[in-house]
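Presented below is the structure to which this report refers.
Here the chain labels run A, B, C, D, E, F and G in written order, and each chain numbers its own residues starting at 1.
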Amino acid sequence: MIFMNHTKSFKGGVHPQEQKELTENLSFEVMPNPKQLIIPLTQHLGKPAKPVVKKGSEVKTGEIIAEQDGFISAPVHSPVSGKVSKITVGSTVTGFPKDAIVIESNDVNDIVLMPSLDPGKVSPEEIRERVKLAGIVGQGGAAFPTYVKLSPPADKKIEIVIINGCECEPYLTRDYRYMVERTNDLIIGLRLIMKAVGVNKGAIGIENNKPEAINKLKEAVKNYPDISIEVLETKYPQGAEKMLIKAVTGKEVPPGKLPFDVGAVIQNIGTAIAIYDAVVKGEPQLTAALTVSGLGINQPKNLIVRVGTPLADLLDYCGGVKESAVKVVVGGPMMGVAQYDFSAPVMKATSGILVLTENEINDHEETPCLRCGKCVDVCPLNLIPTKLARLSSLEKFEDAEQLGITVCMECGTCTYTCPANLPLVQWIRFGKQRVMALQRERESA
Amino acid sequence: MDLLLIFLSAAIVNNFVLSLFLGICPFLGVSNKTSSAISMGMAVTFVMVLTAIVSWILYFIVLVPFKLEFLQIPSFILVIASLVQFVEMVIKKVSQPLYRALGIFLPLITTNCAILGLALLLSMREYSLLQSIIFGLGAGAGFTMALFIMAGIREELELTDVPKPFRGVPITLITAGLLALAFMGFAGMI
Amino acid sequence: MEEILIEEGIVVCRENGIAEVEVFPAQSCEECSAKIFCKPDKDDRNVLRVNNSIGANVGDNVRIEIKGKSVLAASFNLYGIPLIILLIGIFLGTSIFSEYKLVELYSAFFGIGLTAIYYLFFLSHNKNRQNQILPKIVFIKRNS
Amino acid sequence: MKANKTLGYEYIKGFWETNPVLKQVLGMCPTLAVTVSVMNGLAMALATTFVLVFSSLLISSIRKLIPNQVRIAAFIVVIATFVTIADLVMKAQFPDLSKALGPFVPLIVVNCIILGRAEAFASKNSPFRSFLDALGNGTGFLIVLVVMGGIRELIGSRTLLGYQILPNGFEPWLIMILPAGAFLTLGLLMGLANFYVDKKKRSEREELIQKYRKSQNDVEVKGQEA
Amino acid sequence: MELTIIIAIATMGGLGFIFASGLAFADKKLRVEENPLIGKVNDVLPNANCGGCGSAGCYDFAVKVVDGKALPTGCPVGGEETAITIAEILGVETGTAIKMVPKILCRGGNSEAVKKMTEYYGPISCKAMALVSGGDKLCFYGCLGGGDCVEACPFGAMIMNENELPEVIEEICTGCGICVKACPRNIIEMHPADRNVFVFCKNQDDPKRSKEVCSVACIGCGICARKSDGGIEMVNNLGIINYDKLDDSKIPFEKCSTGAIQKIGGRNIPVN
Amino acid sequence: METTTVNPTYKLELTSSPHVHSRWSTKQAMWFVVIALIPALISAVIFFGQYQLLIILTSVVFCIGTEYLIKKIRKRKVTVTDGSAVITGLLLGLILPPNFSLSSTAIGAVFAIAVGKEIFGGLGYNIFNPALVGRAFLQAAFPVAITTWTKPNFAVDTVTSATPLAAYKFDKVFTSIQPMFFGNIGGSLGETSALAILIGGIFLIAVGVVNYRVPLAMILGMILFAGIFWVIDPVKYPNPLFQIFAGGFLFGTFFMATDWVTSPITSKGMWIFGLGIALLVVVIRIFGGLPEGVMYAILIMNSVVPIINRYTYPKIFGEAK
Amino acid sequence: MKKVIHMIATLTIIGIVAGGLLSEVNNWAYPLIVANQKAETEKAIFLVQPNGKSYEAVKSPEIEIYKVFDENKNLVGYSLVSAGNGFQGKVKIMTGLNKDLSEIEMIEILEQVETPGLGTKITEEPFKDQFKGLQTLPQINWVKGKAPEHPNEIQTITGATISSKSVVAIINSGLQKARELKDKGAL
């Protein structure tokens, strides 16, 4: 209250070391196709896709190999041409094995594309249909099928589409590169989304540590008065949906509610680009753009790789891992998943691979909670992380539920700040799962 | 001023729980819910004030004039028991739902030594009726405060790593000891 | 933060929207040294009246919740207000009966009388509001 | 199950196994309040035992005459009567002691030990058994009160029963005879008692584990032979 | 002095009268009839309120037993003695109390299960480990070795052995089943103490992966099922025993290459 | 350039997110507090002589020893290196009167750690500030010894050995601010020199170990509450500045009330906590029998911290206002 | 209905028996208790008036004061009981005074609930002895931390200043009332 900040933002949050300089100025590189690709059937939130190919089937690039199954689901396309060698359980970057189709690439370049559409004339239905067929999932991390987000319930009045250009996770520069390299495609993508959900107000939220991107975008939107560029304070988790909406529109999404409920649709930079690709170029989501970074990798890069490329190939391409590496993480350092099996493949929503060294992790001895209140100060959702974690670990789920454990988005700011180095997020995640199970049980009863 | 002193003395300086050790049983058994602590406290305060009135009347209007002081203990306890029973019945008659929700505190109060202690103390100190009422009010307030603070602390204690032999009553006693130590700061205010 | 008290019990009877639930003695009751007075005899079971909006049947194992605020409001109605009335009555009484010899006695009766009137008044009114602050059944366990 | 307990057990159990203060957590008020010295503790415990024994005896012998509904009320009256007797006797014969114990003699009425034993034991058992049970519980109470009083008197005023035990060089800890000291001493004492019980339980479990390990090894050896 | 005695007697008698009248009045209004048997049964129960019987606490169980909704043998903690006493109180025949004991259906301890190439750091507790890519072991079905069940056991009847697998000391075990609930991987099951054939694995992966992740996994070869005459069924690459139909003489234990299905002990575990 | 194969031969770490941490650690914070206490320590030696070092040393050694012993008995990890026992020892030493007996210091230290801290489960679980528990214990056990003050080394004739508060309370003598600021007055070892305490306190706030809210609330509260009395009767009641500089108020403000463990975790709670302490200090100093009330005020407020926390939980993001 | 009568009868009978029993016990105990109390008062009166042999209570609604005589029935002084608040609660003091109330013979603390070991030092000899022969005019004063300089001053106990001060204040207020009484000629 005392130190009012003039840059738009939210209360709480932290400012971890950015480390973006490792890859900030490297343009995207296209990685050659690997020999073998493992394509999980669950690359999105929701029901797994249903395979439509068998062992031994020949497939072409862009061909559907597994179709959408249910409302919240997404089809999967073959990212390369080749032959299905098997359908089996394989490790994934989420940490849990899933069914996957394994394709041996044959290095033939025959791609099956959908017809290109004119972004100026396309109808909202067509956009949604195209997004659905292209199997586009949100690039923000949760991998929610994008077409669902483009179909808001009829009773919710949507006012604004916000493109999330914050990229608040340290290390990652994928969105930044997109903004700098494909500025105009991004704007068209945004306009397509605005059309699909039927609003005439768009915004792109960017943290103020990306001046070049801000300049380029401001230049590009000169002719679009309905799109504004919102410059936000550099702070983690500025890019979280709720925080972004708060910063841009000043509205707070109530617990248990969605951005729809305050009239906003949020899309990631990567998603907007993917929509552009699907509509304008007719290309389904076959590749993932990602940042390979960290002090533990020999050649940090911004890469465009085929979905299904095993981590091992990718790390090899970037010159291998240094001796000093202690952790390999897929996603950002704050919310990513530590890897134990490098045969796990890149998925549609993978945004980065980090190889971290001891120095970056800053791990220190775990001590009991000292109730210093730092976690309470930084929690962007105004929760009491230390209490929630303690209650969860003692399995007092009712109390935890009372204190709003289900609101937590696991952004990790509390654990990052905690001087006692407690695994707060891990416990809260456990408690959250159990509380949600309890709630489901209650509803069914 | 005299009344204020009686109130402060009973509530803080010579707190019933922390320095006179009256009402230890409910204090040790108190739940960790602050709202039930306050409810219980309110019930006790109400009964305390009623007890103060009734036992004052009994003692100074009946027992003393008839030289029956030696019947103090049995008659006090019977009167208190009847009183609580009566309140229980009235509340039940008046408000069945509330009785069901909160009536359980009442039988507990019957045999609470704080209530009988209050009656005995006020007869020993020869308070006037007004003083007795204020004394009861102060004792009730002090009891409620101790219960409230303890309920809060216990909630916190549930989440701590207290050595196993000390869990439950022993740690409550030790906390009460430290609380009593802290309340010594008020000594000398009367 | 809103405090909520949770109890578990078994439904013993129900009637339009209200149920009576017998509450199991909680674990913490075991530690309580006052437990022998809590249930003076085993016949007197601990039965609560609760709001049964989710339609639990007799014999169901249920969890009931009551808001801390409701408990406070209820006990304030039940003990707090009478206490205040009692005190006011006595102080008023001392001035009203100041000419009599047994001022204190009369004023005490006056205060108690006022309190009794409050209780009776309470009886005829706000029955509905009372039902609102009842605990309510939130969850039926169907494990057994 | 209850029938086969020996009479000796009814007496002895109150010392430790079901010690009223340490295990049943009853009668805390006097335990905390009067134990500033051994003498006070002793007097209080004796008075309590007197009331406990006589009321148990009486209640047990008239238990069949009392209707269930007025049981508690009748107990209270009986107990109150004996307490008054104890109080009057004390005031008449030991005025100093009576003064030192203050209102805590009358408060024996609401001492949960007495009502607790009456309710849990005397109302269900024969007079002789109830007598032994009451005496045992009284003794258990006495033990705790004397120990408490001993600790507090020794450290708080370096005396025992009024005789100086600790040398002058030892500065007495006044806190021990203050309320805070009472809480702390009893808390630590109960913790210690629990610790001892825990330790015993643990060693019993260790033994069982050892036995289990051994039997496990036997099976393995047999399995290899076969 | 005479007068005092009379007044004293009158006062006390009067007070007793008033109080008793009040009680009688309250009693008439308050009365809730309850079967006195419930109290008696409740007295016999161990009053540990562990919930092992499936009821919420001992009193609840007593109510159920008296109502005939539960069997006298239903209290696992009290054992046979309690069952007999309850039966006596109720005047019914007791069935034989069959002691249930938990069985840990995983043998993939530290030396058998294949470990991940990474090492887990964080709270040593199964429920927490299960969240982070499923702990240290590659197997996603096996014991995590965090000892949650050992912690949970209120009777101290479980220990972690050198191989970091929990073991049940059946002499101490009361069969309350709390360990079953504590296990996030559901590898603990309650079985009658006299059962001696178990499939010590819960792995439902395809045979190849099962083989890769653990040397003692059930790899779903189905040999035991084919020979068992319906005693064993293969479900999701895992042998499930149907104890009603099981004839252990037909099971070719030696054919199980990983030893996942085993006949144990031959020890007689006394029912306490 | 160091290179290895894709899968390193050694084990990588597998942990839950987040994978990076801030530089803050408990240990670091604790040692910062120790550093912040050095000025007060120096002023103690300057004003009361080298013997005081022995008191503080005894206190620290016994604190560490007790913690070590209890952790060993409980078969827990020995955590004496985290510095918390050292802080308790230092704080306890600094709030004792000069030339206090070493054996009593040791008893206080043992009590502070054993009953004030370890019995609740050790660091992070204690309800009351351990150093203050130790001091309150000593005050109750040896009331005479602990209120026996000695003159500071540079005592001017007019300065008696009595503390400014005792002088005010019993003799109605006001000490002037200047000696109180530098510490040339009677009082506990570390509490006399406002200057030394301010240096340490401001250091702690600057490095971020201590949140500014509690100290600010306490000082503002003191100005407010003491001010009310002062305005009512400037002759009878001391002015707020005197109240702030006298006794252990500043020391309590910066080193005791700001203890992480025993202060509220919510920001609203911290304000309430600070104001509450200030109010209690004023009440005890003016109406109570003791001249000094900071210790008791903080202990009492410690006991209501769980309640303060519970009722000041912030509104969850997005919840209706 | 039968049950109700049974209930009421049981409790009434128990009440009657209890009442009877207690009055019997009381009949035995009451004289002893009264004698004890009287003996105690007497002991205190003569303790503060060592030369007294007999006494007589002065009837006054305001204060409790006794005239004390020697063996020749000559007035040797007064024994004054005064009470007031100490550090923690009520303190009751018996003060022995000379005939014109100008000098204290001795004091005795009858009741107190001061801090054990600290405030309770007011009951110990070193403190009480200070009052022997103390001048009471114009009133008693106290000094702290130094030896008394005037005949009407006593030194407070270290660490128990408030208790010591209370004793002085209580005696002073009692004296005040006694003087008023004397002025009225009632003594």
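The rule is simple: a residue touches a chain if its C-beta (ideal position, glycine included) is under 8 Å from a C-beta of that chain, and two chains touch if they have at least 3 such contacts.
All figures in this text were calculated on a predicted structure; none of them were measured in a lab.
A.B. asks: Does A-F or F-G have more contacting C-beta pairs?
C.D. replies: Per the contact counts, A-F leads.
A.B. asks: Average the CA atoms of each chain to get its centre, and name the chain whose centre is farthest from that of chain D.
C.D. replies: Taking each chain's C-alpha mean as its centre, the farthest from chain D is A.
A.B. asks: So what's the Cα centroid distance for chain E and chain F, whole Å?
C.D. replies: 50
A.B. asks: Between chain A and chain E, what distance separates the C-alpha centroids? Give it in angstrom.
C.D. replies: 43
A.B. asks: Indicate the whole-number Å distance between the mean C-alpha point of chain A and the mean C-alpha point of chain D.
C.D. replies: Computed value for the inter-centroid distance: 65 Å.
A.B. asks: Using the average of all C-alpha atoms in each chain as its centre, how far is it in Å between chain C and chain D?
C.D. replies: Here chain C and chain D have centroids separated by 35 Å.
A.B. asks: What positions in chain F touch 2 or more of the other chains?
C.D. replies: 7, 12-16, 115, 119, 121-122, 125, 137, 140, 143, 289, 310, 313
A.B. asks: Could you list which residues of chain C touch at least two other chains?
C.D. replies: 1, 3, 31, 33-34, 37, 40, 43, 47
A.B. asks: Return the residues of chain G touching two or more other chains; collapse runs of consecutive numbers into ranges.
C.D. replies: 3, 7, 10-11, 14-15, 18-19, 22-23, 25-26, 29, 87, 115, 117-118, 162 - these are the residues of chain G that touch more than one other chain.
A.B. asks: Considering only the defined contacts, which chain B positions touch chain E in the complex?
C.D. replies: By the definition above, chain B touches chain E via 62, 66-68, 70-71, 74-75, 78-79, 81-82, 85-86, 88-89, 92.
A.B. asks: Applying the document's contact rule, which stretches of chain C touch chain B when the two form their complex?
C.D. replies: Per the touch definition, chain C meets chain B at residues 3, 5, 20, 28, 31-35, 37-38, 40, 46-49, 66, 68-69, 71-72, 74-80, 82-83, 86-87, 90, 94, 102, 104-105, 107-108, 111-112, 116, 119-120, 122-123, 130-131, 133-135.
A.B. asks: How about chain F: which of its residues touch chain A in the complex?
C.D. replies: So the residues of chain F touching chain A come out as 1-8, 12-29, 79, 82, 121-125, 211, 260-267, 270, 313-320.
A.B. asks: What does chain A use to touch chain C in their complex?
C.D. replies: Counting only chain A, the residues touching chain C are 398, 402-403, 442, 445.
A.B. asks: Residue numbers of chain E touching chain A in their complex, please.
C.D. replies: Its residues touching chain A are 116-118, 121-123, 125, 127-128, 131-134, 138, 140, 205-206, 208-209.
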